[in-house]
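What follows is a set of structures for review.
The two complexes that follow have subunit A in common; it is paired with subunit B in the first and with subunit C in the second.
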Partner chain A sequence: MEAFFQALTVLLTPSHLVYLVGGVTLGLCVGILPGLGGIVGMTILLPVIYGMDIHNAFALLIGMVAVIPTSDTFPSVMMGIPGSSASQATIMDGYPLAKKGEAARALGAAFTASLIGGLFGAFVLSLIIPIARPLVLAFGSPELFMLAVLGMSMVGVLSGNQPIKGIIGAGIGLMLGAMGDAPAIAEYRYTFGFDYLMDGISLVIVGLGLFAFPEIIDLLIKGRPIAEKAELGRGWFDGLKDTLRHKWIVLRCATIGVIIGFIPGLGGSVVDWIAYGHIIQTSKDRERFGKGDIRGVIAPESANNAKEGGGLIPTFLFGIPGSGSMAVFLGGLLILGIQPGPSMLTENVDLIYTAIWSLALANIFGAGLALMLAKPITKLTIVPFRYLAPFMILIITFAAYQASYSWGDLIALLLVGILGWLMKQFGWPRPAALIGFVLAGNLEQYLFISVQRYGFDWLTRPGVIIMTVIIAASLGASIVYQNKLKAAGRTAAKK
Partner chain B sequence: MKKWYCMILAVVFALVLLAPAAQAEVDFSGEQINWIIPFRVGGGSDVWSRLYAPFFQKYLPGNPIVAVKNMPGGGSITGGNHFEQRVRGDDGLTVFGSSGSTSFPYLLGNSKVRYDFAKYHIVFASPTGGVAYINPELGVKSAADLKGFTKEMNYASQGATSLDIVPLLGFDLLGLNVKAVFGYKGRGAGRVAFEQGEVSIDYQTTTAYIKNVRPLVEQGLAVPLMTWGVLDDDGNIVRDPIEPDLPCFPEVYEMVHGKKPSGQAWNAWKAFMIAGFGVQKAMWLPEQTKPEVVEAYRAAAKKVIADPEFQVVVEKSLGGYQQMAGENARKAFDQVLSVPKEDKAWVVKWIKDEYDIEVK
Partner chain C sequence: MKQWMSIRNLFSLFLLAWFAYGVYEARGYGFLAKIFPMYVSLVLLVLVIVYIAIEIVQGIRKTGGGKGAATGSDLSVDWDMPLEEVYVAFMLNLGILIGVYIAIYLIGYPLAMTLFIFLFYRFMAGASWVASVVAGAAGLGFMAVASHVLGMDWPEGLIALPWPLG
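This part shows the complex of A and B:
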């Protein structure tokens, strides 16, 4: 306990704070730029940390990664463009709110949710870390496969009253995700003789192609500003109050975030969708989701900040990264001369506490700065889009090019973008395709391992049975609600 | 006569003076050296290059900026081919960092590989080691118990053409009944699978073993079996100095079979072990590089390795293994380059027979 507070006093010395604030500032910038996420931020910082004091380096790296899910909300809410893979689901309701001129309210709610979620994540990390090893070990390949299936079951809620289109959309996503080298056998799929396709298409490109590209085209066609009304309506303070009113949603989704975060192998990219799906499934009045329900902003935002706390657990205790940015962070640890492993708890416990406090403080600084920025930045939504479009096109092209620094990135962005635009035109649920894409690798890999290792016996593992029940219950509940809604004569039309 | 004598003396003097002058001509002042790493940021090879880069900056003549350029893709084949096809010039401003994953497809004759290590100039090489361990529930107390041990075991593998050739072929040479479960991403995932009981035999690089598996050994949850060994100056595989209490693979082979290892399978194993561990990572200059530039690089590498500050880095982050510069590295890597065609073909056939995977 003494070490716990000692870490705080160390962190509060001016030199550490400078690094922390530096990390937070970089994280805010990387988050605001569409398509750039934690991996890019880590990549920028990695060359810098060589030879740096370990605690300072931690403050810098964790400060950066902690606030990306806060600031990436700006483009998601204001332009319908995912700021990073962590806030794709925020688009679903955040962007319609911005169209109604309530961008400030959505941002206020999102930042408050991010703050609480992030602090909750840091808090849970501090409690859970001594007992985390058995928890992580409980998830073998069959259980990880079932988790991916649970993620896929969210397609059901996200396709609203168009289940067939949703399933086909998810299928398209799965096929896109199967491109490149197969996860378990030495084989390349759908490469059509192009070397570029050997590694498959990157998530950044699919995210930007499905969401950003169609939005930019449509806004240009309409020739109007993003907000359909000229005035900005209610402010961020209302958003803050919204979040506090829905405090149980925040805590529930933050818990989901931590859990998904600490399970290695699932990756952080589905956290927001699972939280979003969860909140739709558990809400009685659902007809406003997808049209600007503030709960649809609060849920993913509280989960995606909480997951960073969870993601540090497998990185520290097992030396295996929980997400893409954690993979780079792991490299950073090695550069600093730290070999992660169970002995971190005894030998480097001060570092773990530094990480926890950095996470907490970064969330406070990040949310504060983001709130201050919210008001001026929301004004962008009333600028005619033809002035913004060139910048947006430049930025998403640049972001896509970060995937592998080759021409193929730009061609892939264009092709996926056209696919996304067609899906949008014909009312196909794009989130379903994205979830299919994100989970394609996991589904295949863990199923393949499970069958190789256990034959069909994996189906009888207790963890698998529990998860099957959860999935069945959530799908069942979803259908029952849907029918009730229909019976009540209300339309539950959602995109 | 005296005149002649003077002239010869003058020429000799001039040559003596010129020789170091020609050496000193290599000057990278104000230049930037790009070090192509064919892997993503934060991966093992990336970390390795970033640990070395500032020291090369310090010791290369003229203190150029040494920048790591990541070019991931195709399991490092993309970056290797780029180095072969696009990098020109004899001034040593672009260098390449290879790893075991770069050498293996080269050895296996993968048709996508365009690069050819035989043409390039090696600057230095870094070895690593591996430690194999087993689940204690199988009743094996040490490597000696492996003789005639036939219980089925599972091994978490990244793929039959990956670095896992070394453990898989090694287990096969010892007559063990190990089933490879493919699809795991990295050794870390394999270690977690071991802890979960999903697999029963595994190996880790020595550094990861010390931090992550030794605690398991102390709790009685894992039994260490052997190291793959390290290469000595004469090209023999001997005990790993980091884990000297464990027998190395050739010793275990002798325990099991009662004779020193030999034959095609053994030669093949040794070649891949050297490529994957003995000289796992190496820095290369392109074919056309001027000899004096190569010399300047090798001299810098020697100074880097001798730097006490760098020795700390080796201890902390590179597993503590003796780094090889210049001639030493060349000699060691020659063992990889001189693998006979038949031995390579043998491995390709072994992979096909064992796992039904065609190397294309």
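This part shows the complex of A and C:
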């Protein structure tokens, strides 16, 4: 408990606050820019945090990722296009409200819901840590290995439209991660004779190549709808009152958000839809949904901020990221010299508390700034993409070059970028690949330690057997479910 | 449709070649370095063969059904233009980027990027001369500040230029 409040006093020193507000401001910008979400935002920050004070770096990273689901509401409401994948469902009712001249009401309700949801996520995270401690410390390398495999198979199965593509997608990440020096012995793998590849490909390159490059290219090809007008209308306080009136919706959807954030593989792209579906199913008067019902804004917005708190739980405790942005966060921890996993609870528990407070404060700052700066931010939504594109290319090439200061970085960015674009076009899940890439090193180490310490007996440990059953069951269930869906689709098509 | 193989199928074949190479190459590694890549690429090789079999079956079904081959029918991105145009536009944008890279190689990163932003604004985005100059200058300013404050570096060109241009 003492450490809990000590972390707050550390965080409230001016330098930490500066980094936190810096992260929040960047997060607000990244959320508004189309196509860029938490993954790209965090990846751009990775070169910046090299050698930085750990608490400052935490404030920066968490400040950024916490507020993206707050600010990505602007394009959803004003233009009807999502600022990131976490606020697609907000469009359903947010955009109709804006057309009715009530954008301010929708945004006011969304920011209040985001704030409460984000605080709830941080609160749950703080509760889980002491409870999970004995359980987590019972995990050895064999269990951690299986848990990583479980996490990856869930990501693969849940993030794509075909389970097999998801698993191969995660495998693409593992193959990229296996390049370079082997962890256990001084041997270089898959270098194709290039010195550059001896250190392996950097996370910055893979994150930007798989996520930023394809979005920028697609937006350049497509162009992007521009908000016809940027009028906020009235109703800030009505929105705030709406959210407070529907406080039980907020809490229910925030709980959904935490749980989904915790489960590997679901993450940002479905949390908003699940919350939206939940609110429609549990409402008696449904006819106004899709036409501008404020509850349709409150539900996804309270869930998508809460998911970051849930997502941090497996990331910290087991070193298994639940989503793409958590994978980058995990990579950031490794850059800072922190090994996430059970040892976090014994050696770096103060960092977990710093993360919890950063998450809570970032949500407060984020909602506050979004309210205060709503007018200028709204003006940003009428800037055509072609004016932003060259600057985005500048930022990603600049960030990529910081990986190892060599031409290899720029060339690798281009090649991984082409791979990412093709994966996007043909429906190979990129978050699965990113998580596979980040986990490759840990997986290999856990596998080694398991085999070295227990021989092949590691396979017979009870925890390992339980998780093998869970993996098999989840794979089997998803294949059956997908087939049912397809059959249903066929009958629907015939009708 | 006569086109029997789409770029989508080619991508699957590329994965097949990649994983097969993964297995082939891993055979030569020492035991400690071998286990992980060997097993990962073996499993992936099997999975991708299964996947390609699924693709072929689906392709035959679709052609048999008289609805045309599987070309781009199940892309994950919604394009409101013909697929051929998308590929052409992609290659065009890729070409621009490669052009920028060549310019970076010749005249260094700051000057090349400043010129790129200026030219892109003027000729691709149709901005005015003044706006284009301002945008280019803003890009240069960003690079100067980022390299100075954050200690970041950039690629130098063949032609040495004084700071902040080279």
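Following the convention adopted for this analysis, the second predicted complex is superposed on the first by the 271 of 495 C-alpha atoms of A that agree within 3 Å, B and C clash if a C-alpha of one lies under 4 Å from a C-alpha of the other, contacts with A are read in each partner's own complex, and residues count from 1 in each chain.
Everything below uses one rule, namely that a contact is a pair of C-beta atoms (placed from the backbone, for glycine too) under 8 Å apart; a residue touches a chain by one contact, two chains touch by 3 or more.
Because the structure is predicted, anything quoted here is derived from the model rather than measured.
Asker: Could you say whether A:405 touches subunit B, subunit C, both of them, or neither, answering first, second, both or neither?
Answerer: In the superposed model, A:405 contacts both subunit B and subunit C.
Asker: Look at A:426 in the shared chain and tell me whether it touches subunit B only, subunit C only, both, or neither; answer first, second, both or neither.
Answerer: A:426 sits against subunit C, while subunit B stays out of touch.
Asker: Once chain A of both complexes is superposed, is A:103 in touch with subunit B (first), subunit C (second), both, or neither?
Answerer: A:103: touches no partner chain.
Asker: Is A:167 touching the first partner subunit B, the second partner subunit C, both, or neither of them?
Answerer: Touch status of A:167: second partner only.
Asker: Considering only touches as defined above, state whether A:32 meets subunit B (first), subunit C (second), both or neither.
Answerer: neither
Asker: Figure out whether A:47 sits in contact with subunit B (first) or subunit C (second), or with both, or with neither.
Answerer: both
Asker: Have a look at where A:199 lands relative to subunit B and subunit C in the superposition and call it first, second, both or neither.
Answerer: It touches subunit B, and subunit C stays clear.
Asker: With the two complexes superposed on chain A, say which partner A:393 touches: subunit B (first), subunit C (second), both, or neither.
Answerer: Second partner only.
Asker: In the superposed arrangement, does A:175 touch subunit B (first), subunit C (second), both or neither?
Answerer: Only subunit C is touched by A:175; subunit B is not.
Asker: Taking the two structures together, which residues of subunit A meet both subunit B and subunit C?
Answerer: Correct list for subunit A: 47, 184-185, 405, 448.
Asker: Considering only the defined contacts, which subunit C positions touch subunit A in the complex?
Answerer: Contacts found on subunit C: 7-8, 11, 15, 18-19, 22, 25-26, 29-30, 32-33, 35-37, 40-41, 43-44, 47-48, 50-51, 54, 74-77, 79, 86, 89-90, 93-94, 97-98, 100-101, 104-105, 109, 113, 116-117, 120-121, 124-125, 127, 135, 138-139, 142-143, 146, 150, 152-155.
Asker: State the interface residues of subunit A toward subunit B in the complex, per the touch definition above.
Answerer: 39, 42-43, 46-47, 50-51, 136-137, 140-141, 181, 183-186, 195, 198-199, 264-265, 318-320, 327-332, 334-335, 337, 339-343, 404-405, 445-446, 448-449, 452-453
Asker: What part of subunit A is in contact with subunit C in the complex they form?
Answerer: Per the touch definition, subunit A meets subunit C at residues 47-48, 161, 164-165, 167-168, 171-172, 174-175, 178, 182, 184-185, 187, 189-190, 217-218, 220-222, 384, 386-387, 389-391, 393-394, 397-398, 401-402, 405, 407, 410-411, 414, 418, 421-422, 424-427, 440, 443-444, 447-448, 451.
Asker: Name, in rising order, each residue of subunit B that touches subunit A in their complex.
Answerer: Contacts found on subunit B: 40-44, 46-47, 50-51, 54, 68, 71-75, 78, 112, 154, 159-161, 181-186, 188-189, 191-193, 195-196, 198-199, 207-208, 210-212, 215, 313, 316-317, 357, 359.
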